[in-house]
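Both of the next two complexes hold subunit A, though its partner changes from subunit B to subunit C.
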Partner chain A sequence: MPHDHAHDPDHAHAVLPSEPALRVKALETLLTEKGLVDPAALDEIIDSYQDKIGPKNGAKVIARAWTDPAFKAALLADGTAAVSEMGFYGRQGEHVTVVENTPEVHNMVVCTLCSCYPWPLLGIPPAWYKSDAYRARAVREPRAVLAEFGVTLLPTQKVRVWDSTAEMRYLVLPMRPEGTEGMSAAELAPLVSRDAMVGTGIARGPKP
Partner chain B sequence: MSRVHDMGGRFGDGAVIPDLPDAPVFEKDWHARTLAITLAAGALGQWNLDISRHARERLAPKDYSRLSYYEKWIAALADLLVEKGVVTREELRAGHAEGGSPLAERKLLAANVGAVLAKGGPVDRAGTAPKFKMSDNVRTIHPAANRFVAGGHTRLPSYASGQTGEVRAFHGCHIFPDAHAHGRGEDPRPIYAVAFPAQALWGPSADPRDEVILDLWEPYLEPAHG
Partner chain C sequence: MGEPAFTAPWHAQLFALTVHLSEAGHFSWSDWTQTFGAALKRNGLAKELDGGDDYFAAWLEALEAILHGIADGAKIAALTDQWRQAYLDTTHGEPVRLPGG
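Right after this comes the complex of A and B.
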């Protein structure tokens, strides 16, 4: 399929190969030859987001908030300071606000203009978060989108959608599931799903 | 006035498809490579985050809609590299360098990746005193458009333009993207979380209890009376 990528020949990117994997390879080769990119640094960035920086970080924050009332209060008052203290400050998480789900309010996060997401806490966003469908619909019909995720709200809950239009990154503090009384933060963390921290899921109790 | 990326509220995109619990972080190797090259190229210091976002937004609408997420990143990166003179169009076409670069000394080294990712790039700055206070009613400007540059970068979505909302939080002063994306400096401005009733934005089909909150810089806001 030649030439199917070059709708806009005025843009420089139109001269790149049509196969995306080859396009990236061409850029990497060129920038490496020019001495501007270190392929080992690329490997290091990929390793960081593939293995080290991901939703397990956010889950530790949530589990601690469920078990430590003073930490929870600090987290809701100044999210940036509280997550920094746990070592989760960094790129795309420089300004953090944590919003709490209650029987009255369900919070849900989107970025309609691009794909803003709290990287140090949740890692790289999943494809659905970056999809046109989610970006377009989460603000207009959040309840219909939640249904597509299998989430049923309490009849008492209003929905508050946070559109991440600036550099403030939002993390949802889900409600602690029933049947988890007496569990430690380490035991609770695996119950905190990524989607629960975006607000497209809820934290579920341990399987009986 | 809007560009193709400004899709909040749009109809016709179909269902959201949640991923499987064991989905990989990067679906394809080249997705990972694209993210890494984009970050490494950004470390050369020839553009900022707002310029980078705008480079994706000003892809031709046909390209923006047709290209996958990481393909947009590749296209925007290639455009920026040529526009900023980091590589030539001929080099891009050939896929090989015709010479070295004076920016090579800024190359991000593997040993520094951890520190760079941990350091981040905070955007809070000293700035002017806020004009609005908690619970104030404010009206967003209409149309949603960059007031410095026609078709320029802005972070007021069209769906929230010309609407009345309530100030719920003040975040201090942040770098103003409308200026920062266009070589006009950081121009820090007060920024607020503003809540809009869902029914005001979408009509009676929305639940009367629901609301949408956006972070909006002061130049996007006017006092609302009544």
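Right after this comes the complex of A and C.
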């Protein structure tokens, strides 16, 4: 009989995690033993970002700004205060500046240092936002990057690139799409994509 | 939309660990971004990082660096070995625990 552990259930061991995954477990074990980490608190943090906090929050802010001029003015004047009032505050949302796209200016956001991002409004950044390519090229050749994202700017539009830091995070207020007159904030929110709020997309009108 | 926030469980675990330790006052978030930015730069010299596993590998390196003095590297290495062995010694489907843990 051939010697074959793989098909012998008595010998099948648990799937071995990758080296960095094992090292993270080791770090957590060490810090928990030292009383510096509460595993329940870690679970709570993961749950929040996996299920509760994401771009839907930011989309509600944008849709409200499109339909409520007083709120929009407040949002542009003091982003942190305006989004906090809607319940979107906390980690990495302490200093939020909202920048408005117009027919003259298209804004896009990057973090050239690491991956600073307004978590309470957009959740955890996608891999491309964290990639070296985006972090380097967004500043150097924003129009080429935008073209790759499928964004064609108006000939009149300049591009402004905002570099996030631990102290300041940015949210783009996209232009309200054509053909959405009379729509409510609740109807508009699904039209606001994550990319539109990072400035690597635009808000698109409802499909006819 | 619909993309998972984290593509591997250890990314999520590492993220949570870092946020938790910063909130507990072991380091400021500003110091964290400096340390992490430096780790990304170092790791990005040899190859362009794609924002996935390699990004979190740099993150782990940065966290160990900023915890220097709190979490000893030799102890982390020893516990990593113990965890590896625990997985190898555990029958598939059973919960994996450290001996005596």
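Descriptive notes on the structure:
Methods note: the second predicted complex is superposed on the first by the 188 of 208 C-alpha atoms of A that agree within 3 Å, B and C clash if a C-alpha of one lies under 4 Å from a C-alpha of the other, contacts with A are read in each partner's own complex, and residues count from 1 in each chain.
By definition in this document, a contact is a pair of C-beta atoms (placed from the backbone, for glycine too) under 8 Å apart; a residue touches a chain by one contact, two chains touch by 3 or more.
The structure displayed is predicted, hence computed values, not measured ones.
In the superposition on chain A, no contact is made by A:Ala70 with either subunit B or subunit C.
Of the two partner chains placed by superposition, subunit B and subunit C are both touched by A:Gln50. Using the contact criterion defined above for the overlaid structures, shared-chain residue A:Gly93 touches subunit B, although it does not reach subunit C.
In the superposition on chain A, the chain among subunit B and subunit C reaching more residues of subunit A is B.
Of the two partner chains, subunit C is the only one touched by A:Ser18; subunit B is not. Once the two complexes are overlaid on the shared chain, A:Cys114 sits against subunit B and subunit C alike.
Legend: residue contacts after superposition of the two complexes on their common chain; A:Leu27 is shown touching both subunit B and subunit C. Once chain A of one complex is fitted onto chain A of the other, the partner contacts of A:Gly123 extend to both subunit B and subunit C. Contacts of subunit A with subunit B, set against its contacts with subunit C after fitting on chain A, overlap at residues 12-13, 15-17, 20-21, 23-31, 34, 36-38, 41-43, 45-46, 49-50, 54, 91-92, 113-115, 123-124, 126-128, 130-134, 165-167.
Across the interface of their complex, subunit A is touched by residues 1, 3-10, 12-17, 19-21, 23-24, 26, 29-30, 32-34, 36-37, 40, 44, 48-53, 55-57, 60, 63-64, 67, 70-72, 75-80, 82-84, 87-94, 96, 98, 101 of subunit C.
Residues 5, 7-8, 11-13, 15-17, 20-21, 23-31, 33-38, 40-46, 48-50, 53-54, 89-95, 97, 110, 112-115, 120, 123-124, 126-128, 130-137, 139-143, 145, 148-149, 158-168, 195, 200 of subunit A touch subunit B in their complex. Those residues of subunit B that touch subunit A in the complex are listed here as 5-11, 13-19, 23, 25-30, 32-37, 39-41, 44, 53, 56-57, 59-60, 62-63, 65-71, 74-79, 81-83, 86-87, 89, 91-93, 95-97, 99-101, 103-104, 106-110, 112-114, 116-124, 155-157, 159-160, 169, 171, 174-175, 177, 191, 193, 195, 198, 201-202, 205-207, 209-217. Interface residues of subunit A facing subunit C in the complex, by the touch rule stated above, are 9-10, 12-31, 34, 36-38, 41-43, 45-46, 49-50, 54-55, 91-92, 113-116, 123-124, 126-134, 165-167, 193-194.
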